[in-house]
Each structure stands twice: as C-alpha cells, then as structure tokens.
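In the two complexes that follow, chain A is the common piece, with chain B as its partner first and chain C second.
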Partner chain A sequence: MKKKATFNYSRYGYYFVAPFIIIFVIFQLYPIVYTLNLSITDLTGWATEYKYVGLQNFIRLFQSKLFIQSLKNTVIIWGVNFIPQLGIALLLAAWFTDIRMKVKGQGIFKVLFYLPGIITAASIAVLFSSLFRFPDGVINNILVSAGILETPFEFFRSKTATRLLVSFIQFWMFYGSTMIMLIAAILGINPALYEAAMIDGASNKKIFFSITLPLIKPIMLYILVTSLIGGMQMFDIPFLITNRSGSGSPDNAITTVAIFIYNQAFTGGRNFNIASAASVILLGIIIIGSRILFRIFKEE
Partner chain B sequence: MKRNKGVASFLIVIMVISMLFTGCSGEKQEETISKSSKDSKKLVVWTFTDEVKKMIEDYYLKDNPDLGYQVEIVIVPNEQYQSKIDPALQAGKDAPDIFAIEAGYAKKYLNSEVTMPLKDLGIEDSDLDDVMTYVKDAARDSNGLLKGISWQACPGAFFYRRSLAEKYFGFSDPKKIQELVSDFPTLLETARKLKEASNDEVKMLAGIGETSQIFFANRKDGWVVDNKLIIDPIIDEYLEISKALEEEGLTAQSDQWSEGWYAGMSGNNIFGYVLPTWGLHYVLKENAENKETNTTTAGDWGMVQGPGAYFWGGTWLVVRQGTQMKEEAKDLLTYLTLDEGFLEKWAKDTGDLMSNQVVVDTIKDTYTEPFLDGQNHYAEFAEMAKQVDASILTGYDLDIQNLLSEEVTAYSKGEKDKDTAIKDFKENVKNLFPDLEVNE
Partner chain C sequence: MNDTDKKIFLNIKKIIVYVVSISLSILSILPFWIMLMNATRSTTAIQQSISLLPSTFLRSNWEALTGKGFNAIRGFMNSSIIAFGATFLSIYFSTLTAYGLTTYEFKGKKIIFGFIIGIIMIPTQLNLIGFYQFMLKLGLTNSYIPLIIPAIASPSTVFFMRQYLVANMPFEIIESGRIDGAGEFRIFNTMTLPIMKPAIATMSIFSIVGSWNNFLTPLTLLTNEKKYTLPLMIQMLKGDIYKTEYGGIYLGISLTILPLLLIYFSLSKYIIRGVAMGGVKG
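So, the complex of A and B:
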C-alpha cells in the first residue's frame, strides 16, 4: 500500500512540471528551432516562402565588417562593465558581512545600491542622454563652469566616451543585485569557520581569500554565467541612449549583436535569414562561453 | 481503482493545459466570435498619429451614424510603426483593413503585394483629377498604378524670426529675406554675416540636420534605381555645406527634436527653422512660449520658401490587399480624402493644407496667420506645393537617409574624411539591404 502511494507521488511530479514544459516548448523551444531553420534559408522582406541556401548566411555574416564590429562592441562593453561590477560587489559584500567591522546603516546602503536596478532601462537611457547632452547638458555645464573643460564635450560623438557611458550604466544598474547575491552567499557560510579562523589569529585578508572566496564559488559561477548571457544580449541601453537616426551611433560604436539582429530583422530589407543566423551565432557564443566558465570553476 | 486515478489525473492535466491555452489566446477567441456574428463587423484602421482618429471619430462617424459596423482605430507610435505593422500584414491575421503610411517609407508598401490598387476599389484616376500631382506621385507603385490617397499636402518652408532679421539685416520683409536664403551658398554667406553682426549670439540654423530635407528633395534620381544605389551629386554639396556650417560654428549644434532644438523656438539664439505645414501648427506654435521668461515669439515669425522646394512627411491612406471589408474601406477612404465638404471643414478647423486643389483654391485667400504677423501661409503653401516633385521617392528612403545623416555628422565634425564617410555609408546600406547593388 505504501509503495503504491510513493509511486503515484512521483507521477504527480510530471503532471506538475507539465505546465512549464508545455509553455517552454511552445514559446521557447519552438522559436529556437524555427530560428535555426530560418538561419539557413533566404527569407527576407515580404516573402512568405523560402528555400534553403545552406551556410551562405553564416559566411556572409563572418565577412560582414559590421557584424564583427558588433561582436567586438558587445565584448568590450560587457567586459568593461562586468569586471568592476564583480570587484566592487565583492568588496561591498565583504564589508557588509564582516563581523568585526559592523558597518552602520547597512540596510540603507543595501537599498541605495540596489535601487538603480529597479528603474526601467528606458528611463535611465533617457536620463543619461539628457545629462550628457551636447552642448548644454547638465554635465557639460558643470564641467565648463568648473573650468575643467574649456568648451563643451560631445560625449555621444566620441566612441570611447559613449561605450564607457553604456558600460557605466550597466555597471551602475546591476552591481547592487550582484552584491545582494554575494551577501546571501557569504551569510550562508558556516560562522564556525570564521570564528575558528579568528581564534587562530587570521587577518581579514586571509579570511576573505581562504574562506569566503572558495566557499562562494558556486554563486560566483552563477553570477558569471547569468551576466555573460545578459551581457551578450545587451540591447535596451545602447539602443536608446543615442537616438540619432536609429541606433549604434556614433559610427556603430555601441551596435551590440542584439541591436545588429534587430536592425537586420525589423529595418531595411528585413533580412530574417541573416538575423536568424546572427542569433544562432550568438547562441553558440553563449553556450561555449558558459561551458568554458563551468570548466574553469570545476578544475580549480 | 488504479485506472480511475490515472484517468482522473489525466483529466486534471487536460484541464490545466486547456486553461493555459485560453489564458494565452483569449484575444483571438474574441476575434472569432466577432467575426462569426455578422452584426459586429469591424473596419480596422492603423495609423501613427491621432489625426486620423480625430477625423474618423469627430467627422466620419458623426456624418455616418448608422454604419452597421464598428470602426476600430489603432495608433502605433511612428518609431515602432513599421516593425509592428509588417508582421501583421505579412501574416494577414489581425491585420488592418486601412492603414496609414508616411512618405519616408510609403513606397515600401506601395511596391509590395500588401496594398490594393485604387482601381480595384472602384476609384478611378479621373476621380483624383483635383488632387495635387505630387500627392498622387508619392502614392504610385513602380508601374505607375495609384494605390493610396492623402487628404493633405505637406510642402515645406523656411521660417525665420522677424525681429532678429530687423535687428541684424535691417529688414524683415519675406521677399527680401528669401533673397538671403535663395540657395545654399547664399544661405551660408548670410549665416556668416549673421554670426558676425550678432557677435556669435544668433545662429542661422539649429543644427546641420535642418537642411537635409531640402537636399533630399532636390536630388535628380531616387536612392535606388534598377536595384542600384544612386548617390546624387547634390549629396556632395550636402556634405560640404554641413561641414562649413559646423566648422565655422554657424549653427546651435542641436539635433532635430532635441531639447535645444525646441528651446530655440522660444529663445533668441536661432534665426530660422526648416519646417513643413505641420511644423508650423504642431511644432512652432506649440513651442513658441518660453515658460521661464513668460515671453512668446508668436507673431514674430515670417515664412519664405528657402533654398529649395521640398515636402516633408504627410500621411497617405492605403487599403490592404485581401481585406474582407472592401466596400466599407472604400467608403471611409473616399470620405477622408475626396469628400470636398469634409476636406473644407477639416481645413477650416485645423488650418491643414489640403491635397485637393479645388478646395484649396476656394479657401486659400481667406487666411491671415497672426502667428506669422499676418502672412497668408495657406496661399503660400499652396504655391509651394506646386513646385514639389515626389517622383524620386523610393521605399528605401527613410533607412538610407538615416544612415547618411550619421555619416554627414561624422564628416562635418571632422571625425572622418569624405571618402571614408561615403565608403562607410555604402557599407551600411549594403548591410541593411544585401540584395542591393552598391558600387564599391
């Protein structure tokens, strides 16, 4: 009798995951398969029928300077935002969880650091493009009246400045949530380990590198992988921050792969085939990148 | 017993699944219901401004209270319009019966199978004899077949500040001002003089983007002829004039639609704006008041043709090929664009320039615009509309011109030399339109 009951319970498990599986298959798996299919066709514009053209779209993409450029842009913008983001989040997490330091007003700081992540990306993009406006934006006015600059600087015509701004916004929006996750991870470590280390006279530095860091590795891996996925698909901020005639200005410096895909599929000749091929390449990059991260963390 | 349980749990799963589906497709179900019952037929209209909505709700429905079907109006903002309407048209499901298109991309739809020739609706070319030529030219497909109509015409002008003209040139009469901006080299000269006379306080134009519409309108060929990208020689002048304006500091360096651009309309630092009919009513008038100083520039504006005839924007209405509401669509289309009674009312209520020459001629002499210090903008716009040539429009215009404007900016600010700018422009065009022939 008992045996039978357990058997049934495990079957109910399938029924309960069924809704997710069904939604996943319809709204995620099917589009992915369909995209894979489109990536080897010639479907563009108003056409509704297509024929298969093999790997032609992929070859075209790797010959396209703009696509290579957009890959580079994505990696640069992500890298410049992610490294300081993780570093500062780690530092803050270490401070906030330090038993000896006992930072006052922790709650307020945590909320303040987390806050930018709550605002919608569109509002932030508009806010920054207005702050850094040329020639009479707030930042330019401050810099000129403080005597730091003689004439206003056109931030959104400088490739470096524009990329840095996008990276900074990404950093500023997400370091709070990274910090919260790291704090949760550190708080999950057995306090006995810290107490033992302190009794043995270990320094803060030593404790951090020998206890904290190794034990939050699983969370670090999670943060790295999700950030990689999010970073590679970066779209909203770079798409909205320079609104001069479409996107990616100046000179395609902030055209990310996702923007490239959008432009291919929804503007110009509406090249669904090329957009799909680019999506497939992006998917490949994310899978390979995640595999590498998993491997690195496993080996250590 | 065991079997019963299996059946019960199977039923639960089915229930859950069916609930999910109804959850996702609630909208579509309503659709099928409304289609199946004949009384609730719906004529769906898609547009990107609230103008059409106003015309239908305040005029059409009031004149036709017993239509027997609903008119549903969907407004999609201009920036998203194409990316929303294209999939709908392609799928044919939930697609509009009538939809609005703008000059910048009109040909994309006109040259495709998604729009219906007016002939098939029973509207002959002879019905449109009174409609201005350029308005008709803009709505023909590549075979010259008429596929859309517009109620309005949108010729463009150059608006300038009378008080600033008086102060720095000594006169403000439109005829004399026109001589100062009659072509681009002259405009450049005037801009230099203005800079000197005002001690660099007043700029001729808001930014280099201002001149683009005039240059684009005065090309000899369309952007794409026989599937080849054509870069008209006038583009070279566009690059040079922009560079001169930028390098010599003759503009306020504000992009169109930016805060600085709007602010100039109520301030005293920008001499003139290049704007069409709608720009007068919806842009200049709306932004003439300075809320900080409580001053207004209304009444201080003058209007001249500027360096060249051009038109900018304008809404055309087309009927989707495959609509089930052909007669109803025809009725609405005819009312909005050909009914002289309505056109006259609409013109009088809004000041909009109509595409119908007869209507324009009857009312054009009745206007004096206090905003322009009493100038009759209507009669002058009507004159300007005759100069406009819309035969060079292509479906590629909006995308290609956006790509070009980025390169013009880069060149004029000295970020690139001319060859690189043109090369990058060609490459970007090739990127968006891989099937186009682009000379290296």
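So, the complex of A and C:
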C-alpha cells in the first residue's frame, strides 16, 4: 500500500495521450492555423513568399458571383437531399419499431438500405455518370424503350436534372444510416412508456408524435448537425458526375463550396489565398448553422 | 373501428411497408447489379439495351480496360497499403489515448477530452490548403506519409474507444497487473487491448472503409499516376481514351467497388451494429 501511495501514475496519462497530441498539432492544428493565416495573404501560384492584404480576399469572395452561386448550390443540394432523407428514415424507423406490425426481414432491409453508404463516392459518381449517359446510357435506354420518353434526354445539360440527381445520390447513400441510428434511438426508449400509452388506448400516430418523437430529439439533432457538416463539404459526387471533372457543369449548377475551394487552389492560377478565405467562410457557416440547430432544438 | 376493420387496416399497412421496403432494397442493389452485368457485356450490347444477366465479354473488357493504362492491381495495392497502415495506427493510438484519458488522473485531462470532441466539428477543407502547402514544403507530395501518419490523431475513434472503455473496462485488473509487477505499457498491450477487441473490430472496419474511400486528400497530394489509389484511378475512366469502351468502364468501376461489397456482405452484422451505436456516419 505504501508503495502505491508514493508512486505517481499521473505522468502515464501524459505519455499515453502524447502521440495523439503531437501528431494532431503537426498535421491538423498547424495546417489549420496556416490556412487561417493564408486567408489574409496574397499567396498564389507556386510562390512561397507572401504579404498580408487584410480582408481583401473575403471582400473579393462576397463580390464573386461564382462563390455566391456555389454557396446557394451547396445549400440547395443539401436541403433537397436532407429533408426527404430524414422524412423517409423516420417513416421507416417508425414502421420497423412498430410493435403491432412486427415487420419481418428487418435485418436484411437494414443491410441493403445501408449498402450504398459504404461504397466509394467517387465510384458511385462515375457509375451514375455512365448510367445516365446521353444518348445511350442505361437510364435513357429504359426510358425510351418503355415509351416514357420519345427521344433520349441529356440529363447533364439540364441544371435541374443534374442537381436533382446529385441530391438523389446523397439521399440514396445516407438515408440507411440515418434510419439505423433512429431505430437504435427508438429502441432505447423505455418500453414501459409504450405499454402505458397502449393501455390508455393511444393510437400509433399519437404514440409516435407524443412519445417517440420528443424522446429521440437528441439523436435527431446529432443527425442534423453531422449531416450539415458533411453536406457543406460535399465534393466527390458533384466533382465527378458530369463529363468534365470539377467543372460543376452544366452552367455551374453543381459547383459546391468544396469544389470552388479545390478549383481555386489546385487549378489555373492556384489562388491559395482565395481558397483559404473560402474555407474560413465555410467554417463560419457550419458554426452558425449548428448553433441555429442547437437553438431550435432547445427552445421547442 | 371494430376489430376486423382494424385487422384489415393493419394488413393493408403491412403490405405498404413491405412494398416500400422491397422497392428500396431493389433500388440499393440494382445500380450495382447492372454495373456488374455490364462489366461482362460488349459495348455494343450495352449501348443497345439493358440486361440483368451476364454475358461473355469479361476478358475482352479486361483487355480494353488494362490495355489503356488502368492498372487495377497496382491501384488495389496502393489503396491497401494506405488503408491498412492508417487503420493500424488509428486503432492502436486511439485506444492508447482513450485508455490514458480514462485510467489516469492528470491535469488538463478534461480540457484535452473537450478539445478532441471539438475537433470533430472542424471541416476537412479548413485543414486542406494549409496541409497541402505544408506537405509541399516538406517535399511529401506523392508520398504516402501524409495519408497514413495523421491517422494517429483520429478524434472520432478516440471518442468511440473512450465510450467503450468506460462501459466495459474492469479497472480492477489494472491494479492486479501492477501488483504482479507489470509496467503500464505492458498492462495496456497485454490486458487492455484484448478487452477492447469488439470495439477494435468495429472501428477497424469503419477506418479501413473511410480511408479506402478518401478522394479529396489523395487528389490534392498525389500527382504521380503510379501512386494513385483506386478512387483516383476512377477519374481515368471518364477520360477521352475510354470514351467508346463502355464495357471496360463498367468493369473498371466494378473493380473499385467489389472489395467493398465483399467486406460489407461478410461483415454487415458488425457494420450495422456500429452504425446503430451512432457517432459513425459514411
């Protein structure tokens, strides 16, 4: 006992955490600070020297039509994917946890619904780009031979069709994981609450809206925030789905903020200053968006 | 509503549920099925109609694909080196960090943990430009170091491991290990790691898949085609050289997806359980 009292283990805490901290500082913290720093400089091209220009890059960004367009695109594509995603996931979760219905084969359904979410997004983008190809892609073949279309449709020439397709793919990849998390949350609710409600003769609808929904709010907030963070960074699918990679064609309809940042930094004149400033704005949007979500969920 | 009405209503609802669920299941599989079938069909057949059955052109598609520079085996090896390297480091050091944070009392422990949670919110883009410039200065573009070593600091894995440790670690055994004279690192390697096996298995799968699917970071760092990972190679399939090789393109996409399909269908039980535990999202 005496030995234990004199032996101080706390230093091991530092030893065990040290590798994480060291690597984090070198490979994440330093680059983040570096990006913040570059956002107020004039660094472009292959130059290594730069000077500070204040908020000039931010002013240029807010005057840039393409940047504003990319912000709008990102929000639209995310919103059009997320609202139905949460809706369908909630509906499926409600069905699958319904005690009276006892849906069979849930294990298989979960596995299949989640499947697209685990596949490389880059591969999925190129796969859909081939399926929706004009004029002889699989989808056009089906639509024309079924008589739905008279002539093949050039999906990637239409702004609406291209945006909808990107939103659909995002929906298709992620509703499975949203549903699985919601089911886990619903199953975690105390069964006594449901039993009491059923004895009182409450309808399924009433039970869902007055017991289930309020109790899964924390996990819904979590899903919303993570989806917002992921959605604002959307890159792989819109970058690869049209014929010219990264162009955000047609007409910049699917140029997301992440694509804008990539194009600024890694193509043409390599405007690292502008790209860094845009990254800072992206962080700002994520922070503000998350705070709004937190507030909405707290007030209700 | 009387009882028979209720029963009919419930049955109708059940039919709707199954129809929707089966339709969504088909929607999940069909694109991949068509892809795999087209990988075995000739370009002319693909252009003319769809088929849900395989054909006999796998070999000629393979020749068309690899003949124009798509080196699937090299891409597979490159992706594997990065994914397994990053996963090993991420799992070992995340467990180590989580263990340090739960077992010992030390100053600044709470701040460090709060910090780790905070990092999860930061978008990759914020790190991207600074990271690239830093690696450029160190001459590490076209090296796998920047794609593997940073995995040592994986905040979401630390978070998951900590939750698991708090719930499942019998801390008395540490004490008994100490009485037997084992050092702290030995206790971690021989006693803690085996207890963590289920959590390690789950997080390994997510880490491998996450690293395997990573597109943006290697896209900015790797310019040498010999170093390309599979997701980067997939870009080649959109180039002009493959324009008329539909069969070859579908085969190429299939090759990048097949390893994941195999992993998924053999480990789906653990993956679904991991997703249900939350904190993990594609």
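Observations, loosely collected:
In this text, the second predicted complex is superposed on the first by the 275 of 300 C-alpha atoms of A that agree within 3 Å, B and C clash if a C-alpha of one lies under 4 Å from a C-alpha of the other, contacts with A are read in each partner's own complex, and residues count from 1 in each chain.
Keep in mind that, in the parts below, a contact is a pair of C-beta atoms (placed from the backbone, for glycine too) under 8 Å apart; a residue touches a chain by one contact, two chains touch by 3 or more.
Bear in mind that the values here come from a model prediction, so they are computed numbers and not experimental data.
Shared-chain residue A:Pro250: touches chain B; no touch with chain C. Of the two partner chains, chain C is the only one touched by A:Phe109; chain B is not. When the two complexes are overlaid on their common chain A, residue A:Phe266 makes contact with chain B and with chain C alike. When the shared chain is aligned, chain B and chain C each come close enough to touch A:Tyr12. Of the two partner chains placed by the overlay, only chain C lies in contact with A:Phe174; chain B stays clear of it. After overlaying the two complexes on the shared chain, residue contacts for A:Leu66 are found with chain B alone; chain C is out of touch. In the superposition on chain A, A:Leu149 makes contact with neither chain B nor chain C.
In the superposition on chain A, contact is made by A:Ile23 with both chain B and chain C. Between chain B and chain C, C contacts the larger number of chain A residues. In the superposition on chain A, A:Gln233 makes contact with chain C only, not with chain B. Counting contacts by the rule stated earlier, residues 4, 11-12, 15, 19, 23, 48, 130, 136, 245, 266 of chain A appear in both its interface with chain B and its interface with chain C. Across the interface of their complex, chain C is touched by residues 4, 9-17, 19-21, 23-24, 27-28, 30-38, 43, 48, 92, 95, 100-101, 103, 105, 107-123, 126-131, 136, 138, 141-142, 145, 172-174, 176-177, 180-181, 183-185, 219, 222, 226-227, 229-230, 232-233, 235-236, 240, 243, 245, 257-258, 261-262, 265-266, 272, 275-276, 279-280, 282-283, 286-287, 290 of chain A. Partner chain B is touched in their complex by these residues of chain A: 4, 8, 11-12, 15, 18-19, 22-23, 44-46, 48, 60, 64-66, 130, 133-136, 154, 157, 244-246, 249-252, 263-264, 266-271, 274. Chain B meets chain A in the complex at residues 2, 5, 9, 12-13, 16-17, 20, 82-83, 86, 90, 112-114, 253, 255, 258-260, 399, 401-403, 405-406, 409-410, 413, 415-416, 424, 427-428, 431-436.
Taken in their complex, chain C has these residues touching chain A: 10, 13-14, 17-18, 20-21, 24-25, 27-29, 31-32, 34-35, 38, 46-50, 93-94, 96-97, 99-101, 103-107, 109, 112, 116, 119, 121-134, 137, 146, 149-150, 152-153, 158, 178, 184, 188, 209, 212-213, 215-216, 219-220, 230-232, 234-235, 237-238, 246, 249-250, 253, 256-257, 260-261, 264-265, 268, 271-272, 275-278, 280-282.
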